[in-house]
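Okay, handing you the structure first.
By written order: A, B, C and D. Residues from 1 in each chain.
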Amino acid sequence: MDSIKPCVFIIDVDGVMTTGHFLYTAEGKVMKIFGPDDNDGLSLLKRDIEIRFITGDKKGFPITKKRIVDDMNFPLDVVSTIRRVDWIRGRYPLEKVIYMGDGIFDHYVMREVCYSIAPANADKLAKQHAHYVTERSGGDRAVAEACLHIMAKFFTPFNPSELPSAHGKLSGEWAV
Amino acid sequence: MDSIKPCVFIIDVDGVMTTGHFLYTAEGKVMKIFGPDDNDGLSLLKRDIEIRFITGDKKGFPITKKRIVDDMNFPLDVVSTIRRVDWIRGRYPLEKVIYMGDGIFDHYVMREVCYSIAPANADKLAKQHAHYVTERSGGDRAVAEACLHIMAKFFTPFNPSELPSAHGKLSGEWAV
Amino acid sequence: MDSIKPCVFIIDVDGVMTTGHFLYTAEGKVMKIFGPDDNDGLSLLKRDIEIRFITGDKKGFPITKKRIVDDMNFPLDVVSTIRRVDWIRGRYPLEKVIYMGDGIFDHYVMREVCYSIAPANADKLAKQHAHYVTERSGGDRAVAEACLHIMAKFFTPFNPSELPSAHGKLSGEWAV
Amino acid sequence: MDSIKPCVFIIDVDGVMTTGHFLYTAEGKVMKIFGPDDNDGLSLLKRDIEIRFITGDKKGFPITKKRIVDDMNFPLDVVSTIRRVDWIRGRYPLEKVIYMGDGIFDHYVMREVCYSIAPANADKLAKQHAHYVTERSGGDRAVAEACLHIMAKFFTPFNPSELPSAHGKLSGEWAV
C-alpha cells in the first residue's frame, strides 16, 4: 500500500466503460456497448474515494448520461480530452487524481496526474503513459479490474471471502 | 462418471448466456446479445437434471425474460448475486447444486455448491473458484459446452453418432 | 483439383453467414450480425455451382430472409438441423453436396455429404467432422474464404489479377 | 520520411472505419459499428493531405453518410470496388494516392496506387497487397493508426508532447 492517498478517480467513458464502439443507424449515433462487473467494482471502491466520469462525446451524451447518471448514479461532465488537464486542475490537486482513459489524446492527462490506468484495448500511446494497464478491455471488466487494483494499491484490498454487503449498502448492477 | 448425482443446474444469465454486454440507447438498457448452441445443449441436458436461471439484472429483466422464459421455456428468478446462496439453500440441498456464473461476486455462490462452472471470459475470481472453466465464452457456446461437460461427468455422455431426436422430443433453438 | 464435381453448396446461416449472435430486446430476437466479403465471394462461386441456404431459426426467419433472399437473392429454406440429411437427400445426390455449418448438431449432416466446411468459431464437433475449417469466423469472411477454397479445390482457382467483372455480371455486396 | 508527397488519402468505409459488420433487422441493413480515435486521427492528418471516403454499399449508404458526411464532415462517394481504379484515375495521379481498404477486391486498387494500407482484420489478399497492415482492426483504431503512420512516413510525425490544439482548430470526435 502506498503512502499517497488519492482523493478522486476520474474515468473517461467511451472505450473504458464501453467497448469504444458507436453503433450508427441512418439517424446517427444511437447505441453504445457497456459491460459486466464495472458497476459492481465501482460500488466497492466508492467507499474509499470519490468517483466521477468525464466524456468528450457530445453527440452521444444522452446515451452516456442514461447509463452513468440515471442508472449508475455517478456524476458526469462533458470535457474535451485536450482541455481535461485544465478542467481537473481547477477542481482537484493533480497529485491526488487517478485517471483512466483509452484514447489517442488521453496521455496528455495521464502524464499530469498522480496515477493513470488504461484498458488492454487502449491506444498505444495511452498504454505507454499509463502506470497500470488492465488485463481486460473496455466493456469487458476493465473498470472492475481497475477498481480492485486501486483498492489493493492505495486502500484496503478487496477480501473475496467477505460478502460485500457486510460493509454496508451495495449499489452496483445487481444490488437489491 | 461421479457417484454424486446433482439435482439442479442453476445458470446466471448475463455473461453466461450472453456476451455480458448491455447495449444502451438514450432510452436505457435496450438489448442483450445471446449466442448459438446454448439452447440446443440445454435441450439435451434437461432429460437428466432440472435447469433454471437466475439474474440480478432488474432493469434488463424484460429482455432476459423474453429470451429465457418466452423463447426457451425455462424458469427465471431475480436474485441478487450476494443473496444467491441463501436463495438456493432455501430450495435445494447445496451439495446437489451445479452453478454457472461469470461475475465479480459469483465466487460467493461457487464455493458453497457441489460443482461450479465459469465461462472463459469470466471474472478472474470466478474462474479461480470454478471447478470447470469452459473453453468458450458467454454468448459463444459456453453453456452448450457446460451441458455436454455435465452429461459426461455426472450422467451419460452425449453420443455424437446418435440423432438427438432418437431420445425423445428436442426443444432447442432449431427444434421442429 | 479433384475429379468429383459437386453440384450444390448448401450453407447454414446462423454462425456461418452471421456471428452466431441473437440480439434481443424486450420484444424478442430482433437483430443478427452479418459480415463483409461473403456476398462477394458467393458472387464469384455461383458461376460454378448452385448455392442455397438453410436455416433452423423460425423466430429469426424474417431477419434471415431479408438478408439472404431480398438483399442477396439466394434461395432459403427452413429445415431443422436434425432433419437436414433427409431434406438434402430428397433433392440432391449426397455425394455431390458441399455443406457448411457451425452448430452442435451439424456433424450429422457433415458426415453424410461429399465435402463439409466449418468456420473457425464453430462448435468443436462440427470442426472435428469438417473436411475444411476456415481461418476466419462466421460474420468475419468465413463464407468468402470457403468460396475461394471450393473454387480452388473443385473448379478454377480465383485469379486475383483479373477483375471479376471480366467474367460477367457481378452481383455481390458492392455490385454496380 | 520519403521524398514522394502523396496528395490524397482515400479510405474505404466498411471494415476500415467500421468492424465490417452489417446489423440486420427484418427491415434490412439498419446499423453499422464505428470505433474510437479514427475521427481524431483524421483531424490531425487533414492538415497535411486531402482526405475522402468511398463506399460500395448502396443499401447501407444512409448510415455511412450520417457518420462520414454529417458527423465527421468528410466527402463520401459511392464507387463499386471493381470500378475504383478508373474512378480514382479520373481525379488524381495514381502515384500520389494513398488507399486504405479491407475487402476481397481491394487489391485491384492497392496494386495501382502509390501506397496502400489494410487493417489487421482485412481479407488475406488485401493484406498481401498492402504496403502497411495496421496492428489494429477496422472499428478498433485502424484508421487512427494509419493516420499517424502516414504522418510519420510522408509528413511530420505526430508529437505526443504537444497538444494538438496548438496546431490550430481540432475537429475530431471530442472537439470542443
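Operating definition for what follows: a contact is a pair of C-beta atoms (placed from the backbone, for glycine too) under 8 Å apart; a residue touches a chain by one contact, two chains touch by 3 or more.
These figures come from a predicted structure and were not determined experimentally.
Traced through touching neighbours, the fewest hops from chain A to chain C number 2. Distances between chain centres, each the mean of the C-alpha atoms, put C farthest from chain A.
At the chain A-chain D interface, residue numbers used by both copies make up under half of all numbers present, so the two copies contact each other through mostly different positions. Taking CA atoms, the transformation carrying chain B onto chain C includes a rotation by 90°, reported to the nearest 5. Chain A and chain B have Cα centroids lying 30 Å from one another. Shared contact sites, meaning residues of chain D that touch two or more other chains, fall at 23, 30-31. Contact topology of the protein chains: cyclic, one closed ring where each chain has exactly two touching partners. The list of touching chain pairs reads A-B, A-D, B-C, C-D.
Taken together, the chain A residues at the contact with chain B in this complex read 19, 23, 30-37, 40-41, 62-63, 65-67, 70-71, 135, 139-141, 144-145, 160, 163-165, 170, 173-176. Residues of chain C that touch chain B in their complex: 14-15, 20-31, 56-57, 59, 80-83, 102-105, 107-108, 121, 123-125.
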